[in-house]
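Here chain A shows up in two complexes: once beside chain B, once beside chain C.
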Partner chain A sequence: MTENTSSRSRAILIGALLAMAVLFPHIAPYQALASEVLIFALFAVSYDLVLGYAGMLSFGHAAFFGLGAYGTGIFLVKMYPSVPLGLLTGLAVSTLAALFVGYASIRRRGIYFTMVTLAFAQMFYFIAFKWTGLTGGDDGLQGVPRPQLGPLDLGPEINLYYFVLVLVAVSVALIFRVVNSPFGKTLQALRENHNRAMSIGYDVDRFRLIAFIISGFFSGLAGGLYALLLHFVPLSALHWSTSGEVVVMSITGGMGTLVGPILGAVAIILLRDVISNYTESWNLVMGAIFMAAVLGFRGGIMGLLKWRR
Partner chain B sequence: MATAIDQKHCHSGVTVTHAISHDDVILSTENLTKHFGALTAINGVNLRIGPGVHSIIGPNGAGKTTLFNLLTGFLAPDSGHVSYRGERISGLPPYAISQRGVARSFQITSIFAELSVFENVRVAVQSRLKASYNFLISHRSLKDVERKTAEILSRVGLENWADTTAKNLPYGLQRCLDIGISLATDPSLVLLDEPTSGVSREDTTNILQLIAAISRRLPVVLIEHNIDIVLSISDMITVLYQGVVLAEGPPAQVRDDERVQEAYLGGY
Partner chain C sequence: MQRRSSCTSKAALLLALCTVVAWLAGAEAEPVKIAVLTDMSGPYAGITATNVEAAKMAIDDFGGKLLGEPIEYIHRDHQCKPDVANQKSKELYEKEKVDVIFDVPNSAAGLAVSNQAKLHKKLFFSIGSGTTRHSGPDCNRYTFDWAYNDYMLATAVGLWAADNLGKKWFTITADYAWGHDLLKHFSATKKKKGGKLLGNEMVALGASDFSPYILKAMQANPEALVLLNAGKDGINATKQAAEFGLKKKAKIVHALLFIDDCKAAGPEVFADDYVTGAWYWKSDNPGSKEFVEKWQKKFNRPPNWMNAATYSAVTQYLKAVERAGSKDAPAVIKALEGHKFSDLLANPGYIRPEDHMQVGKAYILRAKRPEEIKEPWDYFEIVGSIPPEEAYQDPKDTGCKMDDF
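== the complex of A and B ==
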């Protein structure tokens, strides 16, 4: 049966990926970089749900990543040193923000939707910038602790890496389930043909809003983990360039595939690290790679892999 | 199905109405009117749709597609209203009208281009279920949906194309898929907007057979340009001209109507 072979080859692929993920921090230039790669992979996968599956070009996803980071960080610094409660706070803040931004933007289409999401993200950025007492303003939020989690000491980078790996693996598995659920299949239909989806009885805006909220939730988790990783929340987490970065990761990797954005995140974070050793204008090189992806290999890294087969 | 139509000649002499017995009317419009700027696209249209095939004909720009858009919620009327099974549906969004059982196809083929033929129909079958909002189960677990999908595919003659990406289907079969998507929503009324436009003669025959088969189960409203097709397949014909109902009746009567001949000859 083809189904059996495909599910077996899928099991092998997942096994290989997990084995690689377990070994990764020992191969990576330094352990914190490995964690950063995983965090951005989760961010890119959450973003792909909106861009690749629902067909909505959000240019405001830094808001959910950044609010997740600030929510987690502020809770840990100012309220109570507990990692699970901190992450939950970050998730609550980013999910609520996604509900709010989604509700306000979802009726817009195309470029108007993109602009509204950007406007909201900029609003959050300036609030964080001005509200120095809460967020540390331009300096970022300093001194985010990594309190002990039961028997697990999150202090050493390698321990944090495996903690991040577990959360990212579970989240990515959940997002895979989402895109293959009846809900996810509906998203793909309305991405393909908005009017047709409506004419067969789908309340298109409601599906778009739910997708946006799920995406905001997982982006917020990525942000929360980022705060733990850095011991600090940089204001740049909310900056529009972070929104741009996740778009670039998705497209370079191959949007609408989930695996593609993971590869995109891995490639871009690692390349940036390598290139920035040689030149300060690494952005120029990354820009060239992105242009090559858009012009030369549509479908991104995943497109290349499929084409070679 | 022609037996369901009971002809009555109105003695006013101005218009001839062909009343369908009241119980059989599934969809009706009252003084339906729609303006686009200075243009009145639909002007005081009263329609009564019953069983069988009810065709809407008229020259280009007569307002046929606008009428469909008004019936299915893609446009809201400026005045007048649409009733479906006794409920006022004008003003409802398209998805709500679909959920009540009105299905439509589109003049320009409207399918989910990058999805497989099977998935095109499957997602339409799934639209009847609350489970469409469930994001934690696999879509494969909806076995009834898959069974129904296979059934619809064989009804529209696409059972051997299930795995093909919809955009790669030959054009005539894309038109069948468009109809299949509509049928998959388990409708009680089907509106088809020029299902044979641009289709080869051979495919046209298939599509007409399909429409005839559908009309044995469900009332069908058909927009069609080809007069021969309309005359052969319809139980009732409404002629629209510049947004107004010019004539209405069974095929033989509409064919012999002088105003209809004038509008058609004058219209081209």
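== the complex of A and C ==
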């Protein structure tokens, strides 16, 4: 396959995805679900940067997602009703947290790295759980407004969807740039052979930390948008199960492909919603699908598509 | 306005589709559509999943028709996740076009759906979630709080215990928003009755070892040990209290205990404990026996009080639509506000216009000893009741400012 045809097929894929995204709220079971899918797609893509490209299995990404949501929500509820300022606050909080967690955990490898990130995420969870005055604790942060954004009324779900779509599309494009830059290639190099990258002279920890922070940044954006979508921040956004969910989305979709996690997020959220309408044992079905993805088609949905071709 | 802005951003085909949908929606005579949104696969599923059946039964018993149209019904599982509850409520209000949502256990989920009800200007009856915020600072015109709240749970049993079990208490509290809320109301009751709180222990949710807290309680030598927790926590704490012999010296009082918990743990665990209940299946309220009989026949067990509350709320909603002669939200809300009724749950019941709390007597139940139980599932005996004025907070003090439509 030459460089030319691959870039053309990629252009077609991106075009198709965008066209789907524009029409999506009209096909989805309901409009708010379409926004949720996009938000989790962004979360999964930003997570893929860490898992798929840098090869770090973080089990604490709920922290950045949740802190983005709480940062945005608390700003909007308690300080000033402005969407851009709220999102920026959420981004600042989640990025700082990623810097802190990343710095402390990056020196560990494999399962130890995973455990340290999980520990930090649980720490943030319990702070939010206990700090009822600021976060609403177990009741969640209720009543997050969706103030007018210039001429755009974010109230109707469809308007919010297109607002989310623009931000998610730009973010995903930026992550694509990052992945295909020399920086991204370096990440992949040190994922493949850590010692060799180090002996060539790369400052491995610095690269890993930067990737972690970028990932935390975009996870925070996804979280901030989630707060806007829900009109509140559930404590579960910080719960470890949210970290688990994004891992499952990445793996089901196909990690290290960026498009894969998007498909994974779409598939998992839509399936969960639809199946739970028919049976109380929806978890059983989801579990079977995940197991099939891990055992049967190891490249995930993306691997399945490539293999067909 | 909303429809226009949504159509302009799309292709011509979709514009046409929108118009057709709008035309269809306008042309059809609209039946009343009812939704139950509850936990069917999460931790509360054992108690709340059957609320779906209670709602269906209420619709059937009503006759299945209202305003000349058959009543439509739908239910959704919120999995005990507040974010899912929020999204599902949007689906129900926007896409399924339901007029009202019932239940929604879990306080965070209930509060989120209450906010959605307000945004969509449709009704919501909170049954499963006990937070006092529904009829307090977070109250709104579209939300009604049915059958019970945390204030009532803690206050009713507190008042009764002060008069009947003694005034020296020790509390063990689940360490999160719900437990703290119960403790606050319980302490207020204690003050009112001149009781003495010998100590309180905050215990993390899901703790399995209660022995240090039970030992502290034993040292304090209270007349009643008050457990402000629920489910597994309540079962574990009670079991361990019995093992340490605390039950020989003091009574145990629970804030929340279901017949399902008694079934799960065995009746010997809770023997002679006391708890508040909004209803018990041996109640002789009008319609109660018929409801229980029908339920027994269908499920081979009696309903719990959440089921009865759901049945009552759905029935009272349908009657309000009938009185209003329209399913229009403001008309139905006005028909509900200040309404007095008698049904299986509340005899009499009253919907307070000031804070939308549905109030009725609170029952005090005593858990029977194993040898007293003659019938399967007959775990409790009604030993007293607290009038609504005492069991519920004065609406002046709830902090609710009811808004306009």
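As a working rule, the second predicted complex is superposed on the first by the 303 of 309 C-alpha atoms of A that agree within 3 Å, B and C clash if a C-alpha of one lies under 4 Å from a C-alpha of the other, contacts with A are read in each partner's own complex, and residues count from 1 in each chain.
Please note the rule applied: a residue touches a chain if its C-beta (ideal position, glycine included) is under 8 Å from a C-beta of that chain, and two chains touch if they have at least 3 such contacts.
Here the structure is a predicted model, which is why all the values come from computation and not from measurement.
**Q** Is A:L33 touching the first partner chain B, the second partner chain C, both, or neither of them?
**A** Once the two structures are laid over each other on A, A:L33 reaches chain C alone.
**Q** Report for A:N277: first if it touches chain B alone, second if chain C alone, otherwise both or neither.
**A** Only chain C is touched by A:N277; chain B is not.
**Q** Based on the superposed arrangement, let me know which partner A:Y202 touches: chain B (first), chain C (second), both, or neither?
**A** first
**Q** Which partner, chain B or chain C, is in contact with more residues of chain A?
**A** The partner that reaches more residues of chain A in the superposed model: C.
**Q** Under the stated touch criterion, which partner chain does A:T132 make contact with: chain B (first), chain C (second), both, or neither?
**A** The answer is second: A:T132 touches chain C but not chain B.
**Q** State the interface residues of chain A toward chain C in the complex, per the touch definition above.
**A** Interface residues on the chain A side: 26, 29-33, 36, 129, 132, 136-140, 142-143, 153, 155-159, 162, 226, 230-232, 234-237, 273, 276-277, 280-283.
**Q** Could you list, by residue number, the parts of chain C that touch chain A in their complex?
**A** Within the complex, chain C touches chain A at residues 2, 5-6, 9-10, 14, 17, 40-41, 45, 49, 76-77, 79, 81-83, 86-87, 90-91, 94-95, 107-108, 111-112, 115-116, 119, 131, 133, 138, 176-178, 180.
**Q** Of all residues in chain B, which touch chain A in the complex?
**A** It is residues 72, 74, 93-96, 98-99, 103-104, 106, 110-115, 119-120, 122-124, 126-129, 131-140, 142, 181-182, 184-185 of chain B that touch chain A.
**Q** Within their complex, state which residues of chain A touch chain B.
**A** 177-178, 180-186, 188-189, 192-193, 195-204, 207, 210, 214
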